[in-house]
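Next, two complexes with chain A in common: one pairs it with chain B, the other with chain C.
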Partner chain A sequence: MASWPEHPRLIGTRIPRVDGMAKASGRAKYPSDVRPEGMLFGVMLYSPHAHAKITSIDTTAAEKMPGVKAVEVIAKAGATLRYQGDDIAAVAAETEEQARDAIAAIKVVYEVLPHVVTEAASMADGAPKIVNTGNVRKGRAITKGNVNDAFKKADATIEGTYSAPVITHVCLETHGLTAKWDDKDHITAYASTQAVGPTAAELAGTFNIPFTNVTVLTEVMGGGFGSKFGADLWGRTAAQLAQKAGAPVKMFLDRVQEHLAAGNRPSASGTVKMGATKDGRLVAMEAHTHGTGGVRGGAGFPLPYVYDVPAASRTHDDVMVNCGGARAMRAPGHPQGCILMEAAMDDLAEKLGMDPIDFRIKNLAPNDFHTPIYLGELAIGAEAIGWKENRKPRGQGGKGPIKKGFGVALHQWGGGGTQDKQVTCIINPDGSVELKSGTQDIGTGARTILAVIAAEILGLEVGQIKSNIGNSTFPTGQPSGGSTTSPSMAPPCYSAVTAARDALFAKVAPALGVQPADLDVKGGKVLVKGEPKLTWAEACRKLGTMPISELGKFQPGLASGGVGGCQFAEVEVDVETGVVRVKKIVAVQDSGLILDLLTWESQVYGGVIGGLNYGLFEERIMDPTTGVMLNADMEMYKLAGASDIPEIIVKAYDPPEQKARGVIGVGEPPTISTAAAIGNAVSNAIGVRVPVWPMSPRNVLNALAAAATEGKA
Partner chain B sequence: MADLDTKPRPGASRRDFLRGSGLAAASAVISGPARAALDEAAAEAREAQDAVPVLSGQVKITLKVNGQERHTTVEPRSTLLDTLRHRLDVTGPKRVCDRGSCGACTTLVDGAPVYSCTTLAVSCQGKTIETLESFDTGPEGVPHAFHQNDGLMCGYCTPGFVTACKALLDRNPHPTLEEVKQGLNGNICRCGTYVGVLKAALAAAKSMKGA
Partner chain C sequence: MTMKAFEYASPSTLDLALKALAAPSSEALSGGTDLLCRMKDDVAAPERLVYLKDVKDLAGVKGSAAEGVTIGAGTLLASVVASEAVKASYPALWQTTLEVGTPQIRNMATVGGNLLQRPRCWYFRNGFGLLAMQEGKSLVRLGDNRYHSIFMTDGDALFTSPSSLAVPLIALGATATIVGPNGERTLPVEDLYRAPRTDKQRELTIEPGEILTKVTIPPAKGKNASYEIRAKQSHDWPIVLASVNLTLEGETVSAAKIMLYGVAPIPWRSAAAEQALIGKKLSVETAEDAGKAAVKNAQPLSMNQFKVSLTTTAVKRALLTAGGMKYWEA
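The block that comes next holds the complex of A and B.
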């Protein structure tokens, strides 16, 4: 079993990312920035209707427009368009302005069909059937234990209906790529992707050329969050247009189509009935849930979540609507499951008159490895938010119109890496060091952690390592998804660098008249039995003309998976306007051995802010009448700005036994429980449950009004 | 701040607006001081007719970008952002929302931050255009502070934040945290890098002061 250095010099410290200055100075070239010689601009034509059939499509006029070099029809006469934003055609022209004009000149006659764009409309009696198999795809009911009997043991039972909306990824760099045919069967694509290898495979398959003829380059990219794992129809179309026109084509979606068609996080709604004994032990849960992932389904989520429920039954329906299809989004399914579970947990704790933390602790599974982690984290988080001193029982948030409240929620994530990825480490005779792998950095710091590992093992500074990734022709690397990149890439990086170092020692030792085992590296020097003898450059010069190149593979003992975390929120709610201000969030997260504390913290801050957006602001708003999205932009689609950011306290839960687990990814876990914690804090503040996320003024005021009608507030 | 407000801004002038709106023609039915003012505006407009040519088709323009005279051909509708990115390979400013709500395209025009996605290139002739590629990358510069404080993740919003931050510090070298937040409220980040961004802005202010 391999192991990480016991007393690392760099690992676990705060190291600025190696490509940070390129990004901060505007010099980094994103896939949407490159402009190969003679490049044309591609523009998509997409459906203005939620549901329509193409009666006819005529591109004659468009083809004759100035500057137009290629036109590609995707949806021919007779084709069905299943959502606003569905692809119809594409144009490549010398300027983007010309391409847009040509798009406008394509004559399409539509037969508009009846649509449903909300779950209510889709499930209603007599709704137009938009999928042959029916609008509602019933999931298999999952039952554990005898739920009816178990409920009889409950001293307190709650039944709540909770929901979270569809949100979109809003990648700042839209989906797309720049395609350049190097000759008739070799293509280079500058792609904004989370997976250079699979993107290359998709292009190779599309054009029936060998994988080796495709080069996908992603030096840097502007955000994916789970939605960018391939070339996509738009990338394939760019390559087709480039082939037709005999010139490179850049194709990146406009902001509207990005919202409509490039993925979203499915909604989640459901009725949760849950019971517990008076000492706070859960006995049973019954949940009926549904959600929509658009025209394709995929709206499943875990429930029960985190807690040990002895008897549970669950049904789940996927509801089809005429909206773009869901894609994985930062911890797919978990934020939804967390909202429904944690809202019900809080409501049941309230009914039992128990402290929400005590109630949660009572219901952690005794033999689950997460449990001691949660216990440690809850203690740290409760202390940091001042739970004991500051939190009041629900509805005692203060006398004036501004009510203060506190909430908590727990989450978990599998993560863990693959065991088949590779990294090459090259040590050149001039002393330069290069790492090569076909993984990519989507903003997480993947490039930097590889350099940190190499610098640690070789006794060099991080800046001396060239971390060369984002190229599909390099040794196979991990796609950036599921928080798997670090645990997949760190072990082969360790192996490659260690092997390269040992190969260098084998070359240098005879020249020094010692055994390789006598050598070590430290502070840019090669040491013989602990004494500095050569500089790194002098040692490498002994390689002559032959660089060292070692391919590293997985080794056990360096990485792991499976994390739990908890988050606390402090909010102020104005019960007159319904405006929620988050004052403070505490996030306590384990993730094994932290390689770079600076980028690790950024990941956790980013996850929390993503969760804050989900908790307070974001929702895709569909117009049931016209079938179009009303906020396919960045002003009415609300995202936090600088003034919306509360005090955020990030705590790494990394006692020695956690560090000993090795590297675990952290991209996803810290975004899961924020929205649930905020919702719980809001209900603690105002004394009533706001059952509909986000905690927008409308949803808060509606909950207060409903409670007033029922005489509760 | 007051300084900035008196500078001419890119975009339509009062004169262009009156001409375009047809208000001048309506002056016949208005009397008194309003009429006198409109008459004056109409006279100015007639005078301007010759001075401001109506642009259409392909227009040759010269832009002063990061200290260099750059010649290119645009259409009157071409935005400053698209001209920089698509024609001049100045790709620091990014296109994200393309309608003046996210700030990723922020560029300095005569020292003032503008959303270059909603600024026409033809309106920027004769003005000084600065993108972040021209900023000091040394230890006292804004980019350095962003790098050191990890005020970026994917980095696509970063050019806008760096430029907005530079513009803020140019006019207010000693901002409080609240003022930094206000100064950066026109920019949106999706990765959630705000904590690093705010630290970076305060650090940049400090190092510019030489503190």
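The block that comes next holds the complex of A and C.
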């Protein structure tokens, strides 16, 4: 078993990301910034209709337009388009304007078919059947214990209906790539992807050329969140257009199609009935849920979630609608499950008259490894938000119209790595050190943490390590998804660097007349039995002309998986306007051994901000009549700006036993429970449950009005 | 997504601008924060753009609290915010201008452009027409109308008037000056707007070929204020905004003008709220009564009932802001 240094010099400290200055200054070239010589602009034509059949398509006029070099038809006559944004054709031209003009000149005759774009319409009696197998696909039913009997033991029972809308990824850099044929069977693609290897494989498969003939480059990229795992149809089309035109083609989606076709997080709704004994022990849950992931399904989510529910029964319907398909989005399913579970937990705690934290603690599974973690984290979080001093019982948020409230929610995630990834470490005779791996940095700091590991082991500074990733021809690296990158890449990096260091020792030891085991590195020096003898550069010079190159693979003992985490929200809700202002979020997160505290915190901030958007603002709004998305922009699709961001307190939960677990990913967990905690804080503030996310003025005022009608408020 | 090709004229005098605008299918371009977006979204496709920012006479804030203020149509919103005269005399206008868009937008957008921008209705912006009628049915009524009107909803124009500056300007009794081929005319700012009855009508009364040159605000008497309700703190549109202009005799409100944004296809004057207040002393209670009176005849659509409460609150808080009684900040 390998192990990380017991008293690290760099690991776990705050180290600025190695490409931070380049990104902040605009010097970093994103894939969509790259413009190879002779590059053409590609533009996609996509369906204006939610459901239609192509009667005919004529590209003759488009092909004759000025500047047009290639046209590709994707959906031929007879093809069915299943959502607004579904791909039809593409054009490559010398300028983007020419390409757009040519797209407009493609003559398509549509037979418009009946559509459904809302779940209600899809599930309604007599709804047009949009999928051969039916509009509703039954999800896996869960039955645990005898729910009816168990409910008889309940002293308090709540039944609530909760829902969260479809949201989209809104990657700042839209999906796409620039494809360049180096010769008749070699492609270089500058891709905005979170998986250079799979993207290369997809292109290789499309053109029936060897994997190694494709080079996918992703030096940096502008966000993926789970939606950028391949070349995609538009990326493959770019390569086809480039082949036809004999020139590189850049194809990045416009913002509208990015919303429509590049993935989304499915909605989630359901009724949750849950009961507990008067001492606060859950006895049973019954839930009927549904959600939509568009035309392909995929709207499942975990429920029950986090807590130990002795008896549970759940049904789930995956509802098909004529909307772009869901893609993985930062902790797929978990934010939805967290909202439904944690809202019900809070409502039941309220009914029992229990403190929400006490109620949660009572229902953590006794033998689950998460439980002691949650206990530690809840204590830290409650302290940081001032739960005891500040939180009042539900509905006592203050006398004036602006009510203060506090909420909490728990989450969990796997976040373990794979064991088949590789890193090469090269030590050059001039003393420079280079790492190579075919992983990429989706924004988490992957490039930096590899350099941190190498600098730690080699006794160098982080800036002395060249960390080369984002190239599919490098040793196989991990796709950036599922919070798996760090735990997959840290062990082979450790192995590669350790092996390279040992190889250097083996070369240098004879020259010094000592045994390799006598050597060590520290502070840029090579030590013999603890005494500095050579500088790093002097030692490396003894390599002669050829560098050391060592390929590192997985070793056990360095990485793990499985995290908890909790978040607290403090909000102010104006009950006369429905406006919710989040004042503070406290995020307490475990993730084993933290490699770089600064990039780690940055991921937690990013997760919280994403969760805040989900909690307050985001919603894909579809028009039932025309089937189009009404807010496929960044104006009416609302996202927080700087002044909407509250104070965010990030606390790492990393006692020694956590550090001992090794590296665990943190990309996903910190975004899961933010929206649920905000919703609970809103209910605590105003005294009524707002059952519909996001916590918009409309949803808040509607909940208050409904409660007033029922005489509750 | 496809901007059509167009001619571009950049005149340096008003006369040249009028000549350039005389060509058919011409549109005046100023800050471009609305028009260029409509062109990119293929909602507008003028054959000629006449850029007005080189007509230097159109920009600038002149006057004083005592004699009233004239704001050139080409004045940047940022310049309005920077104007001490506006800030001191017309807080209703100053506050509303400050809350438009972002610093970047306020540094490009102009007062004229704000007044003459087209509705933000998402059916209009998605190319379904100003009234968004399809086969005789209103897409707005059938669809998502959370941001649409709650007054005048028995008509077909269900969008809301998009100019937030129109609301305080009308409350302050401002006039607009328009020049055209037939000379100059001056009209109350409210007369710039109408509720169109057909898809061929625009919601603006200004004719093709005319240029809005300035707005003139009479000297401020009494107290004025605005209150805006929006979901986000950063870049967002108001959901509802109220501007009030009160004349006080002692502590009694002797005259009131109460204007609303976000509730009707025109800037909406709430005579009911005004009547509820006139002759009374301004207090939390009378402001609340005025707010309730404002929505007495509201006819919300299927999804915008919440705007009724917002209207009550906006009127109440605008009044109490004018009266220096911000109870919600206590």
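Here, the second predicted complex is superposed on the first by the 713 of 713 C-alpha atoms of A that agree within 3 Å, B and C clash if a C-alpha of one lies under 4 Å from a C-alpha of the other, contacts with A are read in each partner's own complex, and residues count from 1 in each chain.
Methods note: a residue touches a chain if its C-beta (ideal position, glycine included) is under 8 Å from a C-beta of that chain, and two chains touch if they have at least 3 such contacts.
Please read all numbers here as calculations on a predicted model, not as lab measurements.
Participant: In the overlay, answer first, second, both or neither for which of chain B and chain C A:D623 touches.
Facilitator: In the superposed model, A:D623 contacts chain C only, not chain B.
Participant: Based on the superposed arrangement, let me know which partner A:R581 touches: chain B (first), chain C (second), both, or neither?
Facilitator: Second partner only.
Participant: When the two structures are overlaid on chain A, which partner does A:I609 contact: first (chain B), second (chain C), both, or neither?
Facilitator: First partner only, chain B.
Participant: In the superposed model, which partner reaches more residues of chain A, chain B or chain C?
Facilitator: With both complexes superposed on chain A, more residues of chain A are touched by B.
Participant: Going by the contact rule set out at the top, does A:E97 touch chain B (first), chain C (second), both, or neither?
Facilitator: Both partners.
Participant: Once the structures are superposed on A, label A:P697 by its partner contacts, choosing first (chain B), second (chain C), both or neither.
Facilitator: Touch status of A:P697: second partner only.
Participant: Looking at A:G26, would you say it contacts chain B, chain C, both, or neither? Reply first, second, both or neither.
Facilitator: In the superposition, A:G26 contacts chain B only.
Participant: Give one of first, second, both or neither to describe whether A:A156 is in contact with chain B, with chain C, with both, or with none.
Facilitator: Neither: A:A156 stays clear of chain B and chain C.
Participant: So, does A:V573 touch the first partner chain B, the second partner chain C, both, or neither?
Facilitator: A:V573 sits against neither chain B nor chain C.
Participant: Contact-wise, after the overlay, does A:M221 reach chain B, chain C, both or neither (first, second, both, neither)?
Facilitator: First partner only, chain B.
Participant: Quick check on the output: what are the common chain A residues between the chain B footprint and the chain C footprint?
Facilitator: 97, 254, 640-643.
Participant: Touching chain A in the complex: which residues of chain B?
Facilitator: Interface residues on chain B, with respect to chain A: 75, 77-78, 82, 85-86, 89, 91-99, 101-102, 104, 131-133, 135, 137, 142-144, 146-148, 150-159, 162, 180-182, 184-198.
Participant: Within their complex, state which residues of chain A touch chain B.
Facilitator: Listed in rising order, the residues of chain A that touch chain B are 16-17, 19-21, 23-30, 32-33, 35, 41, 95-97, 170-173, 220-223, 225, 254-255, 442-445, 598-599, 601-603, 605-610, 633-635, 639-643, 645, 648.
Participant: Write out the stretch or stretches of chain A touching chain C in their complex.
Facilitator: 97, 100-101, 103-104, 254, 256, 400-402, 574, 576-579, 581, 616-617, 621-626, 628, 630-631, 636, 638, 640-644, 696-698, 701-702, 705
Participant: Show which residues of chain C lie in contact with chain A when the two form their complex.
Facilitator: It is residues 1-3, 102, 120, 122-123, 126, 128, 134, 137, 139, 142-144, 146-147, 229-236, 239, 303-306, 309-310, 312-313, 316-317, 327-328, 330 of chain C that touch chain A.
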